[in-house]
């Protein structure tokens, strides 16, 4: 197609470097950039010749804020980064600090953490599926997904008091024991969830239009994906069999039986299939966690770090002192540095925490999987159509809160 | 689980494969090492970082660059500790490389020729710390606006910003 | 019939037709929102009036009362003319569509149609082919990249699918031997609907697809694919001008649904019984029911299917529908030629 | 009635044609031509040629002119420039043309053939069936020849568009040096304070120009 | 009230002359091309009016053929214009005076 610039007398936007092409600003306000991502596209007709992601519109300075907060306050901040998977952020941060301290949460706490992580993965993938399908034009899947997500968020609200930013994991364990009947509710949800996944698959997997839109689209090879640092389902969609939960287990993931879905075709369709199968695998983990949940405390026996129980605080002098000291001064962490990576719904979520021996972290860096996954986007989209860009953005499942931090 | 004390003796750390191989390949590149909380940190000479990474990637199967970041130890020198986290998916092993640079020549060779994925991470370090990456194809601010003054994650950066 | 009476009847018919059409458009929008909402476990509009029945009224008021923005960078004459063109052409098509037999009032025999022309079908085709201008000019005059891409997509799509649409009708035309919609319906009287009696189900399928594409509806709604092009050719439009495009789209849906009913589903053919007044009303009722059925299919599809990609859409139109329509013509004419 | 309609649409026709000449932007010219074609279709209806009228609308207005408009949009044709050539053409063409038109009209108007019986409004002459019959019987050979012509035209158009197309700009992985240009072209991402500052500077500049 | 044949013919002559004028005066190659279409239309009008006058269908059939030729011509002509524009980057007819691209 020839030049696509409109009448020059009233031309207000910049012309392309070659007059056959056009510069298209997709975002920061655009229905399908999933937040405030801006993509600068050079298009020839509808073919994308070059693409340049421009980020930073959601920069919140969380990494700087960390340096001014006590460790126990930082968990709340971690929630706010990847707002679709707060439990994973909490998990990463809490595990990193626990390793710095040299303590470990008791088994029950670890299992509940795993349970919540997998529920969170389900809810995060639900948002991905809904928006991805909506981008491709299937409207109803979006609402079906949000129906189930609502169920999961209600479970979170019941256990953590908040739908999204629960701040439920604590260094050394969990904030509270789960409320009465909560596990039954989870069981009820989990039992019906397999059918629900079948329902989504009915609407999309067998649909020829959906297959046409996704198969062979936005391909990225195994080598490119690894070199660009893609992780999570985006990497597994390219045929790399790598899952931190299985390969470098944390928080007793080694005790669970689950499969790691891998697809080799490296396109949108492969990433779709991987995530769809992860729904089922996550649900299996949820069921295992429910079935084999150990009894016992949910907080580590580390009185200088973990807040005492409420009734102890009211009856024992010692507990009251610890409570007062932790709340007012925080707890100091031995100097050192750790890098704790976990498998978030989007990939490798790494927390690099440096301590200088005080009660506040010296430096916290978050390796957000979305940032690395975003680097793969230009590679996937160049030479393809604008409609494929939309499909590709959906398929790498980025969260801008995590990219910009 | 009490913390084991950190080990910094190179001889003692020879049991760790990547360090051993690295010392065998070019001992002058390694300035020191530290095993703390089961994580191996190798201090690498700035000029050698690119070769070290290439060696680790090609010879030691550290195929995946997880992260590039930096910590600012302001009053002390060398001030910036640029940190690389490498992952070997085959060996299921991580290693941390550290390059220390001073305030006045805060320049590190870029890893983008080896891992194109280093691009955004290095830009972010440049943006927030002001450490330059030599050979980075497009070193430009990534998070902060283009006309921003200063580098916010430096420890001497005023919390309210420069006025 | 004296001229004055002729004109009076014509004006009354036009007024009624326009009123009914516009109201129907408004309520189809409501029905669409309601139905899709129910398909998606939602309620849809419920606030305005009982069950949200006054929602279209509120929407209309909103469109009228909103500030009519004209962006500073548009090419003003065409920017203003484009939606009017769209709407006019969309509404004109209803003029040749018959909705039933005739009624006799006094001594005048009034056909239930604004004007009965011999070449009604050709006129509708002509109007839809000219309808491209509204969209093409809207996108071009908006001087915005998304609009331009949307209008290029829309024009290319409408031109391509017009071909398949036209060809799918030829089987019916060969059977009926006339361009007059009334005669085509009459040829199907007594359950001899084209859909099965003349074996035009392939043609009906092609027509259905092409009609969806002509009206820019899911799964062919690429010109206004909101996730790619924001709102396509009407990105820069607001208030009444946007409403004109909106109404034009739904009016086109009606035209297409009426045409499908007339050509394939036997028009107002159906069981007729009872007293004289019922004999007049029933055919109209059947006709309306069939149109509603067709529109329900539209809405249903919208709730179900994702959207094509541009090149897939073109390939579908040119490489699948067009050959199918041609084969249908060939077979139909062979059958008619051999049996006649 | 008949005459009234004729005069009305003839006037629209001529106005459209004049507008075609007078407009400087090709898209306006194209739209004027569409108006001419539309009113010609009405005149055909007046002459009882229904089928031709419909075809006029479908083929001319709906297909050929869409192609023109499409090409104008694609090539982004701006308003035409006046050159010396056009001035010469004006000087010679307009008077010459008036003479030719005068002679033509005089000749044609002089030969007012005695009125054949005129058709009533709405009456048709040349129904589609009759046209089809004569097209496929008497004029079968020309019909087939035109179909070959059309085929050749399609192939020629495809060939022309393909063969002479400049090599398409190649797609390539992002070259970060160019990415900078891309961002520069698209507008960079600066702070709100910076934008305010620049706006103020621009404002000051403008005020200085005004005072000067 | 009837409309004499000559009225139609005069209208046709006016349109044809305007087409010629546009052909000579206009400088944009697309507009020039459009003026050819205008002339064809003018001729079509006289065909149809003669057909109506003499009650012969052949006039209308001829219009049909003219339209087919016009369509073919438009397709090829516009393809040529696009090709010329791509190499010359201009639509001005004074700058496209060589018989090569």
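The first chain written gets the first letter, and so on, giving A, B, C, D and E; residue counts start at 1 in each chain.
Just so it is clear, a residue touches a chain if its C-beta (ideal position, glycine included) is under 8 Å from a C-beta of that chain, and two chains touch if they have at least 3 such contacts.
Just so we're clear, the structure is a prediction, and the values are computed from it rather than from any experiment.
Engineer: From the centre of chain C, which chain's CA centre is farthest?
Structural biologist: Taking each chain's C-alpha mean as its centre, the farthest from chain C is B.
Engineer: Which chain's C-alpha centroid is most distant from that of chain D?
Structural biologist: B
Engineer: Please compute the C-alpha centroid of chain C, do the same for chain E, then give the distance between them in whole Å.
Structural biologist: Inter-chain centre distance comes to 33 Å.
Engineer: Nearest whole angstrom, what separates the Cα centre of chain C from the Cα centre of chain D?
Structural biologist: Here the centre of chain D sits 27 Å away from the centre of chain C.
Engineer: Go ahead and note the Å separation of the Cα centroids belonging to chain D and chain E.
Structural biologist: Between these chains, centre-to-centre, one finds 11 Å.
Engineer: Using CA atom averages as chain centres, what separation in Å is found between chain B and chain E?
Structural biologist: Chain centroid spacing, chain B to chain E, equals 73 Å.
Engineer: By residue number and range, which residues of chain C touch two or more other chains?
Structural biologist: 140, 148, 152
Engineer: Can you list every residue of chain A that touches 2 or more other chains, as numbers and ranges?
Structural biologist: 1-2, 4, 6-7, 56
Engineer: Send over the residues of chain B in touch with two or more other chains.
Structural biologist: 119, 144-145, in rising order.
Engineer: Once bound in the complex, which stretches of chain D touch chain C?
Structural biologist: Going through chain D, the ones touching chain C are 27, 31, 34, 50-51, 53-55, 57-58, 61-63, 66, 69-70, 73-74, 124, 127-129.
Engineer: Show which residues of chain A lie in contact with chain B when the two form their complex.
Structural biologist: Touching chain B from chain A are residues 55-56, 59, 61, 63-64, 68, 99-104, 226-230, 240, 242, 247-248, 334, 336-339, 341, 348, 350, 352, 354, 362-363, 365, 367, 371-372, 374-375, 404-405.
Engineer: Which positions of chain A touch chain C when the two form their complex?
Structural biologist: Residues 1, 4, 6-7, 10-13, 22, 24, 30-32, 46, 133-140, 142-144, 147, 203-204, 207, 209-210, 212-213, 385-390 of chain A touch chain C in their complex.
Engineer: Please name which positions on chain B make contact with chain A in the complex.
Structural biologist: 1-3, 6, 36-37, 39, 41, 63-67, 69, 71-72, 83, 85, 87, 89, 92, 94, 96, 115-121, 124, 128, 141-145, 152-153, 159
Engineer: For a test of understanding, state which residues of chain D touch chain E in their complex under the given definition.
Structural biologist: Residue positions touching the partner: 1-3, 6, 10, 13-14, 17-18, 20-21, 26, 29-30, 33, 36-37, 40, 43-44, 46-49, 51-52, 55-56, 59-60, 63-65, 67-68, 71-72, 74-75, 77, 80-86, 89-90, 92-94, 97, 100-101, 104-105, 108-113, 115-116, 118-119, 125-126, 130-131, 134-135, 138-139, 142, 146, 149-150, 152-154, 156-158, 160-161, 163-166.
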